[in-house]
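Heads up, the next two complexes both have subunit A, just with different partners, subunit B and then subunit C.
Our next item is the complex of A and B:
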């Protein structure tokens, strides 16, 4: 892989930036460790006890932040995993026995149990096409089910009073403080590294635009389920430690109300900031244990009011306010994006990655039908296309062009017929699987990730071929030659760090095209790629498309209304009308066709009259 | 026979409790987690009527008005900025539920209290006796369903509301004040929730957290019903019936889980739930 000659000049050595970030993290971790080390000696005992509990709650809040703040999964259910971890200790120490062996057994029971439950919940909540609301519904049902099972467990689970008085670890309160504190600090540091890594950006991409993620080949359901499993395991470990130190477990710890309390802490601290939820939990939980004695109801009322105000007026929580104040205090202007621009490089191309051979026929559509109830949108579409063809789909609005595109890119869309991409039947497979067969789809309206940077968005598009690192923030961005071409021709290579939402409409269209090309597709579906572009931008895109078809042998299917544009670039044209193909031929065939003129002039009925 | 009556009365209660949530979800596409709080408001409105020694029947109207007024204030202050953030709306309304619960605790204390029932005693049906009030609730739920159905389908206001449900932007373009429709809907939903709270209190008792278990069941029922009153009725009968059967032949705690678990499973395999396609 050769670094391209025009590689973007990097203002701050990217490697150095990453290192200085790590150094900063190291310093903060060291300070936190020192604070935890001296804590038990300087703090009053009651405070030490409260903080141990708050440390463990904060660890769970951290998982809520990863799921909700970063990935956009509003979860009420992390309390259930905390409860599973706690009850693993309570049940085994009470009914089986206590000892190092049993403690280990309880640990594995906690973690494995939570992971299994999380896998089932994830399967239920995050199936392909599930709405975000449904996912939240399932995470809401989970703690209710778990706590009710605990209530109904009779003497075994101790029912509503829970289990207490079991023998537990012979560890001093100071040592528990250190254990819980170090656990929280390490967890936070790991989470911090993870969310800044390339893989962490995938989570943000899912939150921003799940559909686009599917269409760049990411199996979103799988990512969410895996994340759920990991977060469940972490929450279970926190619950395990909690039961170990408190020597009491109760159904409330697995319940729905505790689940919402976690959300409140995360929201007040500042979702999507890691440190905000941790500090939020520590401050709120400790102050609750001090204040709930004096002003029990008023304190909860104040929390409730603060929560509502934050959700309505400060969706990012209180953390940005505090850090902003600090910055002003230190006289350091506005927040700057920490990451410096990566170096662009040409990737070793791997077309047809994961496929056996390129296939004889790029695209074969036969008998494809689509109806919504009784409304027939596509009525027996048959055509095939070869590599190197630039095939334009034209026809009046409502002819079914976009629907046809959808049916090729998502196996779940069509009502009948078959679609074969590179000789692979797409069956009922979801979009990410169709991407693996070589389909790349660009949507009609620029469909991108608004809060990511240009470079991050492109890297997400590469994640199908280049497994994103779980710990590193890459300093080079390798893209196939064609994607580089688009980026350079449109000047996006100078804007790699810019947030996507700041781009112009034309730049977003170009970015999406580059993202699709980064997939190394062999069948490119483009839905009005030039809509809303200026004349010069159009010419530019047209030239790129012709080059893609002729030099790179892509099969391009283009939906387009601008017939002049179609005439200039297409090698073949299909005319659709009312869900059927009415003409399939060369540009000349179509231009000279009486039929096409009548369709565009206002329908066949008028022509007959 | 008693089981059958249990099923029908349970369904009626569930319908009354869920109707307000359904109306709000249907028009506004947001889940009002303060619904539980409004139920509690209704319960305490009934308690206030009892304490003042007024006629218990009056508590229904009183609860409806109090709940509606709360809804009006809350829609203006809290819900309005959240229309474009439906998941945040869940959280903010849950926070409102906490505020309402704590406010009630401060005003009335946290202990369990009892409300006078407008009707007491039992009637003899098919060889057994059955609570007269529960039977009465069936009638009230049916009246409620008919009134809401007529209001939505046979009045101009209902037509406007349905237009907002189907396509809010288009409705706006046609000069419908959708903000006002939302305001009215939220207030109506809150009023209905509060009314339902007053209806259920004679069966049990009031305490500041009485709304939460009802909220969860109502939420799940609305999820499987889409936005139709008819499918809500069907869902209440089917899932409420299942709850009664599991409680009486299995275990009451499992019975309490029936609705949430079945609803989640129904949605997994049939995302539109009990609604027609």
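Our next item is the complex of A and C:
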């Protein structure tokens, strides 16, 4: 075997890696196109017919994989959009007539109709704060409602027998095979490019940690609704082609049984792999059409058992098994992460991006209250902070410090009062909108994306300022100077390709801090940013924070228990106790305060004083 | 005397990476052992491996003289081992009381133990009905220690418990842990970033660096503090 350049262990440049990926895709697409081209000539007619249907089903399964496998939206509803596409053809060709004009009309009716329904359903399922379970239930209700409407449509929809015998495209079966085949291949190739792009990583980030996505400024509901609309349009096109070739439509094609079958095909093939669900659908649907005639009941049982076995034994589906065998065959050994580490670079800084003016006052909190039922956690908090201030928030555990941070970063949190960030009232706006006003929040427990790499996580954090490409996988990672400082200080720059879940607790804390700084916030909320870090790392981070406040003129609000650390870096300290501010003054005021000693610091400070 | 915990020749890690290499340590009954080291050196991995959450690649784990190598977490926990992990350790949607009770096989001494432990963490007995997820970060850490103590363990594995606690509570916690050791002879393996606290409660210590133990000794030993500071700063 000749040694290919890739096999030699020299570091392959990132650009070349991306190019060789594209070349591989091109070769696979070319092979698939050749197979589709010769298919009708070598396969028996029954097989050709079965495959046309399977190609179209696979296209819908692909959308299920993007929604469920990549983005984590468990959807039962893609069948409804397939049905809408099919019925657009059935209804128009039956009741209005057939012709090129009507065919075009049916196409737009299919796509636009599906997109409108998807927008409404998406809005219902993913409005801000809806739970994932609720979203799944809505997608389950959709096909039930659509098929019920079709059942009760009388002669207009053909009720349970559907519509058949309408005039349709005068196209040979071979040509339909090519149309459906090329549609599936191009769709798969586009989907493959999309999920590997920077924007595709946003989907995985949403699956991993929706909350973190909101707090890096991503409007998660909007992304999900847009994705739902696009996937609905694709499913409707598949349904349109299906009705065109079969010349029959029935309510079952819009029903939730079909919607669930799609999920089974995707799960068996291997969700989150694109090619797995496509192959899974092709194999299962074609074998079903052959075997269900001979073994009508046993076949369903076999599929059911196979599903259970795969879920238990191979939770990632059959695809990893196939790719593993393929790699062994080629002698490549273990799975390697295809991308090489991106090159780090300093970004052009754009503080106050998207804000009108810098804002005279960084932060103004007045009369903020928060209660859980009868439990009052914040009881009328008033303070303001200017740019360049490093304001530490100290107080006993349970004083309400974290709750206060939450009320500043999410307009939906507080029970009363107002919060203004850079002179913008946050009103009831969700976290991503507060991020747009300049808020950056670091959580108390490391809140990151476990299955992304360090570089990918940082890139997601940059997506507010650098619009992620829908087709490209960037090979450089531009970060503001301060974010670079944090990752260099903690050694994360050597671990850019490591999966985040392999990092230690302290490294995750540092990564989250770098992600927040990558947002280029002007009001920075830090909840114990140095927890889990060693003394020397603390000192480093402390220096960076002082630099952020003094040189970059950020307003920093810091929750911290280490009074020595607070004393070294703060310009002002606020003491909270039982939901109220009990002291607001200079570092010396607070450290020497009797009150702080009694409620907070304990004997050590007393002894030291 | 049989050691409470005896780890020898331990290798462990995630995926390809080996995080621990040939680690050996013993914790005697009634001893508090502080495991120190910088971030990402394998401290938490060691506790997770002892608990059976991560597969052992080599070496052995013995608890109170019995070989427990490769046993699943529930079996380890049943041999009177209480583990307080660093992340996501409470049942967020259950009440404080449920969190304290769930792990107990025998609830007959719940009230007695709660009264004793509640002295150290006075908020606990007054807020038994509150949902654990609504406690503040520091309060959750206190609940975590309390839950471990309620199980009357013979060995405690404690991962950075002082993180997020206010200074006066950390001080009290040191008293609680030493008191429990003196009262019930509980052995403890303690991971800490707060070196001051670790040295205040610990009897012996070890420093872990890139998966290997590079220094060990008694806390009171001459030069120990200097050596530890040196290891943690480089």
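Throughout what follows, the second predicted complex is superposed on the first by the 587 of 609 C-alpha atoms of A that agree within 3 Å, B and C clash if a C-alpha of one lies under 4 Å from a C-alpha of the other, contacts with A are read in each partner's own complex, and residues count from 1 in each chain.
Simple rule for what comes next: contacts are C-beta pairs under 8 Å (C-beta built on N, C-alpha and C of every residue); 3 or more make two chains touch, one makes a residue touch a chain.
Because the structure is predicted, anything quoted here is derived from the model rather than measured.
Annotation: superposed three-chain arrangement on subunit A; subunit B versus subunit C shows a clash.
When the shared chain is aligned, subunit B comes close enough to touch A:308, but subunit C does not. Of the two partner chains placed by the overlay, neither subunit B nor subunit C lies in contact with A:291. When the two structures are aligned on the shared chain, A:505 is found in touch with subunit C, with no touch to subunit B. Legend: residue contacts after superposition of the two complexes on their common chain; A:444 is shown touching subunit C, with no touch to subunit B. Of the two partner chains placed by superposition, A:345 touches none, neither subunit B nor subunit C.
Looking at the shared chain after the overlay, A:263 reaches subunit B, while subunit C stays out of its contact range. Look at A:466: by the touch rule set out above, it reaches neither subunit B nor subunit C. When both complexes are overlaid on chain A, the residue A:131 reaches subunit B alone and has no touch with subunit C. When the two complexes are overlaid on their common chain A, residue A:534 makes contact with subunit C while staying clear of subunit B.
The clash between subunit B and subunit C in the overlaid arrangement falls on one stretch of those listed (42-50, 96-104, 114-122 or 168-176), that is 168-176. Across the two superposed structures, the residue set of subunit A contacted by subunit B and also by subunit C is empty. Within the complex formed with subunit A, the residues of subunit C that make contact are 14-17, 38-41, 44, 86-88, 123, 130, 134-139, 141-142, 160, 163-169, 171-172, 193, 195, 232-233. Listed in rising order, the residues of subunit B touching subunit A in the complex are 31, 78, 81-82, 85-88, 90-92, 94-96, 98-99, 102-103, 105-106, 110, 212, 216, 219-220, 223, 251, 253-254, 256-257, 260-261, 263-264, 267-268, 271, 277.
The part of subunit A that touches subunit C in the complex is made up of residues 334, 372, 375, 395-403, 444-446, 490-491, 502-507, 527-528, 531-537, 561, 563, 600-605. For subunit A in complex with subunit B, the residues that touch the partner chain are 74, 124, 127, 129-134, 136-138, 140-141, 144-145, 148, 151-152, 256-257, 260, 263-264, 267, 297-298, 300-301, 303-305, 307-308, 311-313, 315, 373.
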